[in-house]
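One chain, chain A, links the two complexes that follow: it is found with chain B in the first and with chain C in the second.
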Partner chain A sequence: MIITLALASLVRHRARTVLAILGVAVSAAMLLDMVMLSSGMRESFRGLLLSQGFQLRLSPKGTLPFDTEATIRSADSIVALIRARPTVEAVSPVLGGQLHFPLAESMANATALGVEPAVQGDYELVEGRHPSAENELVANDALLRALGRSVGDTIRAAAGYDPQLRTLSGQRVLRIVGRVRFIYLALEQRAAALPIGTLRAMNGPTSIDRASLAMVRLRPGADVEQERTALERQLRTVTVISTAAALKQVDERLSYFRQLAVILGAVSLVVGFLLVTTLVTVSVNERLGEISVMRAIGVRRWRVVAQILLESTVIMIVAAPLGLALGLVTARWLNSILARFPGLPERIDFFLFQPSAAWTALGLLALSGILAGVYPSWRGASLPIASTLRQEAVG
Partner chain B sequence: MTDIVDARGLVREYRMGEEIVHALRGVSLTVSEGEYVAIVGPSGCGKSTLLNLLGVIDRPQSGELSIAGERVDRLNDARATEFRLRRIGFVFQRFYLMQALTARENVELPLAEAGMAGTERRDRALELLDYVGLRKRERHRPSQLSGGEQQRVAIARALANRPALLLADEPTGELDARTGAEMIALFDRLNADGTTIVVVTHDEDLARAAKRVVHMRDGEIVA
Partner chain C sequence: MPGDTVVIAGIVQRRADPAEIARGEYRVRLHLDHLQSLLGYGDRVDRFAVGTRGAAATADALSRINSAAYGFRAHRSADIAVETSRTFAVVSRFHRAIGVITIVASAIFLLCIMLLKVDERRRDVAALRLIGCSTRTIVGSVVLEAAAVAVLGSIAGVGVGAAASWIVNQHYQGVYRTPLRFSIVTGDIVLLAVALSLVLGIAAGWLAARRLVRTPPLALFGR
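Moving on to the complex of A and B:
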């Protein structure tokens, strides 16, 4: 009966209830988006870093991978040394650089990654095959478009270009053997991968035995932190960073997003809370006589409280799925806009849907729905019965 | 005969701004089981205040009040609520039915609160609606009932838990003469069937129907 009365009071003012539900749904959508934003980029980076199964990354001492143009010296011997460790399953050295492609009337530039194709973890093959011979490369769609080439074509490339003298250095004719998608690079970034030896040779003496980065995949069961410490102790010229540490770095750099998300999420929650509190308070004020009569005929105080709390909770519960659906749609839309930020890896999502995020948002909404009913229910339940009835009779 | 109401020296004052209103100035009243008492007097004489104290929805500043043998002037909220539920029946001038509920559900409300099971509750509600002549209107909501019919439902609701005392505050105040007469007849029947009734009224016909009339003036019983 209390449920009937609670629902009836919501139905009695349909338009007002619907507007309140829509308002709460909008704030719920914002809340979900903010919860998704607060963890989305981190989880997205985490997925990216773990996608190829490499748990450790080596970079020149004191730097982060690809944070500077510094390179690791004696990279081949370091790689060999690491590969000799029983806990190590694979090591993938990577040399970063630039390639310049002279076209008929212009020059196309691209990021170049020198890799060992058999163990590389930087790209996924979409078409063709990995570069197995010295003068072969794979390229992404952005580069192929810029070059007007496709898999099977050859192209002249240079590792160096002097724009003043308009001279190219380290030239080769390379065969495009595959179309790829680079995991850590932006979608629009032109890029190619070729054997590390080829890129070193094109770069000249400064790149001999160099690598920008080495990624290490450990055997199952290996203690990542223990291996990291051991490698760093053994190799004095490199910094060894684990995925966990890299994520910590990401966390620090993304703290802006999290703070912003938490603040906006809290604001949307408070807006929803105030909306429901206002609606239910107005509704209670309109029913003071009815509530007083209920109390006069022996309805217990807690039932009045329960009825009013139920009203606020119902609004939140009805609004929540609407808000979640709206939140997912807006998150997708916002994600598509933010994904166009230059330089971001293709696979990074700002808004990552996770069931835990939805449950968190739902939990916060339910809690705020209950809290939103606290004031009006307290007001309703603590009415002085006699004087309220007297005022109602006079009114 | 047992006293259902035993009020001694009831004092109730209100503060209105700076002014203190002496609503009741030491009222004493006894009502025996099966009595039908009308409290009359000019507006503001304290009759509704007295009714509120008898109904345990208000507390006196001083004095003693026993209803059906139980001291009720110092009950806490929970016990007062329980007492009202089981021992008091209220009828209001404006009926105050729950608009969302049907006639039967309105009658069932105090029964549900008292913990009566569904089928038994429904049967009791129908029995009461039958008593007030509204059995066929059980599914109607208050907005579909006339004023007289709403007041009958309110009476059925007041009788739901077989109260020791039925209190009515201007029960004919919102009704036309003909319907008011029907209501007076219903109160007569209720009393004839053993219900103890205290009614506050300006309606002379209703007061005449009561077995005893108590006159109040300026917060005191004068006759």
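Moving on to the complex of A and C:
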């Protein structure tokens, strides 16, 4: 009987119920988006950092990877020292730089990464093969488009360019052996990777035995924090950053989005709550006579409370799936806006869908629905039966 | 020479720059020739800043430098500002998108409330209809009431918005230790909010009133 009465009450005012469901659905969509935003960026960044299995990153003392142009001195001996540790599975040194490609009428510039192809963790091969010889490189789509070249072609490249004299330094003819997708670079960023020795030789004396970064993959079971401390103690010229420390940095830089998500999520929840409370309260006010009659003929107080609570919960439950679907659509839209951040890696998502996010949003909605029914149900259940009946009868 | 010992001659504070928010970088200023010597940079600079007298002089200087100079280009500061503020343009687009969603939610909320408010007057409307008031008069009075509610709500909303903006600024200025204002309530924004609220309120009131006047008066009385 409780269910029948609750549904009848909702169906009686169709327009009102439909609007309430729509309102709650929009609030639910916003809530889901904000729950996704609050954790999505962090999880997405964590996935990106761990995608190639490297748990530690070494950068010049006091810097973050590629945050400055500083490089690590005696990089080869440092890499050899780390590789000798029993807990270390692989070390990938990376040297960052610029490459200049003279074209017929202009000059194309690109980010260059000097890597050890056998252990690199900076790119994924899409077509062709890794550079194995000295004068080979792999490039991403953005660079290949700018150069008008494809896998198998050769191209003249230089590590230095003096714009006043228009002279190139550190020139080489390189063969493009692969098309790749860089993991940590933006989609539109032109980039190439070549053996670290080749890039060092092209850069000249300033780059001998240098690296911008070294990534360390530990053997399964190794304690990451313990290794980080040991390496930092052993190597005085570098800062060793674990994934957790990198995530902390990201948290600090993107705290604005997390806080915005919390505030907007809370506002959405309050708006949904207020909407349902108002509607159910008005609905109860319109049915005071009906509720008094029910109480007069012996319907128990808890049944009245249950019926009104059910009304608010039904609105929330019907609106929730609609809101979740709408939330996924709006999350894609909002993500496509934020994906245009300059230099943002292609794989980073601000709105990352996780089942836990959906469950959290659903749980909060259900709780909000129940709470929204508390006041009107208390009002309905505590009506003085005789005087209400008299008032309703007199009109 | 690399490794020079320097004397700290003063502590400086740069003008607040949104691009430096949350970066926490250390900055030093020293004589150009000293830095060139430290970096082994020779007689080089990264850029020149050129001051001009007015927009016409800027355009003239730009064209003369770019036609005469070999190896570098001159750009308007405004163009560089546009390029370097791409991050803020993205954030601004994101805020606008959130604003659109909020407006949709507010519109539905407002429609619901107006529907309820007009529904509460079923008996009054029925009585007015029975004593001969025209539907036009009834719809007009309901719309007027809706507009009044929307205006009062807007005024309260502007107050809440201004308070929220103040709290946001206080919070983020403290977090990032900057005098930058993160949230600004301008006249345009207030005007947009009031206009939107008024339009939505009147539309919601009109829809609800139309629905009511189409129902027979006796049915409104519940007979």
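Everything that follows uses one rule, which is that the second predicted complex is superposed on the first by the 395 of 395 C-alpha atoms of A that agree within 3 Å, B and C clash if a C-alpha of one lies under 4 Å from a C-alpha of the other, contacts with A are read in each partner's own complex, and residues count from 1 in each chain.
The working rule: contacts are C-beta pairs under 8 Å (C-beta built on N, C-alpha and C of every residue); 3 or more make two chains touch, one makes a residue touch a chain.
Fair warning: this is a prediction, and the values are worked out from it, not measured in the lab.
Superposition of the two structures on chain A shows chain C fitting alongside chain B with no clash. Of the two partner chains placed around the shared chain by superposition, neither chain B nor chain C is touched by A:V88.
Look at A:L264: by the touch rule set out above, it reaches chain C but stays clear of chain B. By the touch criterion defined above, A:V305 reaches neither chain B nor chain C.
In the superposition on chain A, A:V282 contacts chain C only, with no contact to chain B. Look at A:A8: by the touch rule set out above, it reaches chain B but stays clear of chain C.
Applying the stated contact rule after C-alpha superposition, one finds that A:L383 touches neither chain B nor chain C. Comparing chain B with chain C, the partner in contact with more residues of chain A is C.
After overlaying the two complexes on the shared chain, residue contacts for A:I196 are found with neither chain B nor chain C. Shortest separation of chain B and chain C in the overlay equals 11 Å (C-alpha atoms, whole Å).
In the three-chain superposition model, chain A touches chain B and chain C at no common residue.
By the touch criterion stated above, chain B contacts chain A in their complex at residues 48-49, 52, 55, 57-58, 77-78, 81-82, 84-86, 88, 90, 92-94, 96, 98-101, 105, 108-110, 112-114, 157-158, 161.
On the side of chain C, the complex with chain A involves touching residues 22-23, 70-72, 86-87, 90, 93-94, 97-98, 101-102, 104-105, 108-109, 111-113, 115-116, 119-120, 172, 175, 211.
Residues 13, 15-16, 19-20, 22-23, 26-27, 29-30, 162-166, 252-253, 255-256, 264, 268, 271, 274-275, 278-279, 282, 330, 333-334, 337-338, 340-342 of chain A touch chain C in their complex. Within the complex, the chain A residues that touch chain B are 1, 4-5, 7-9, 11-12, 289-290, 293-301, 303, 384-387, 389-390, 392-393.
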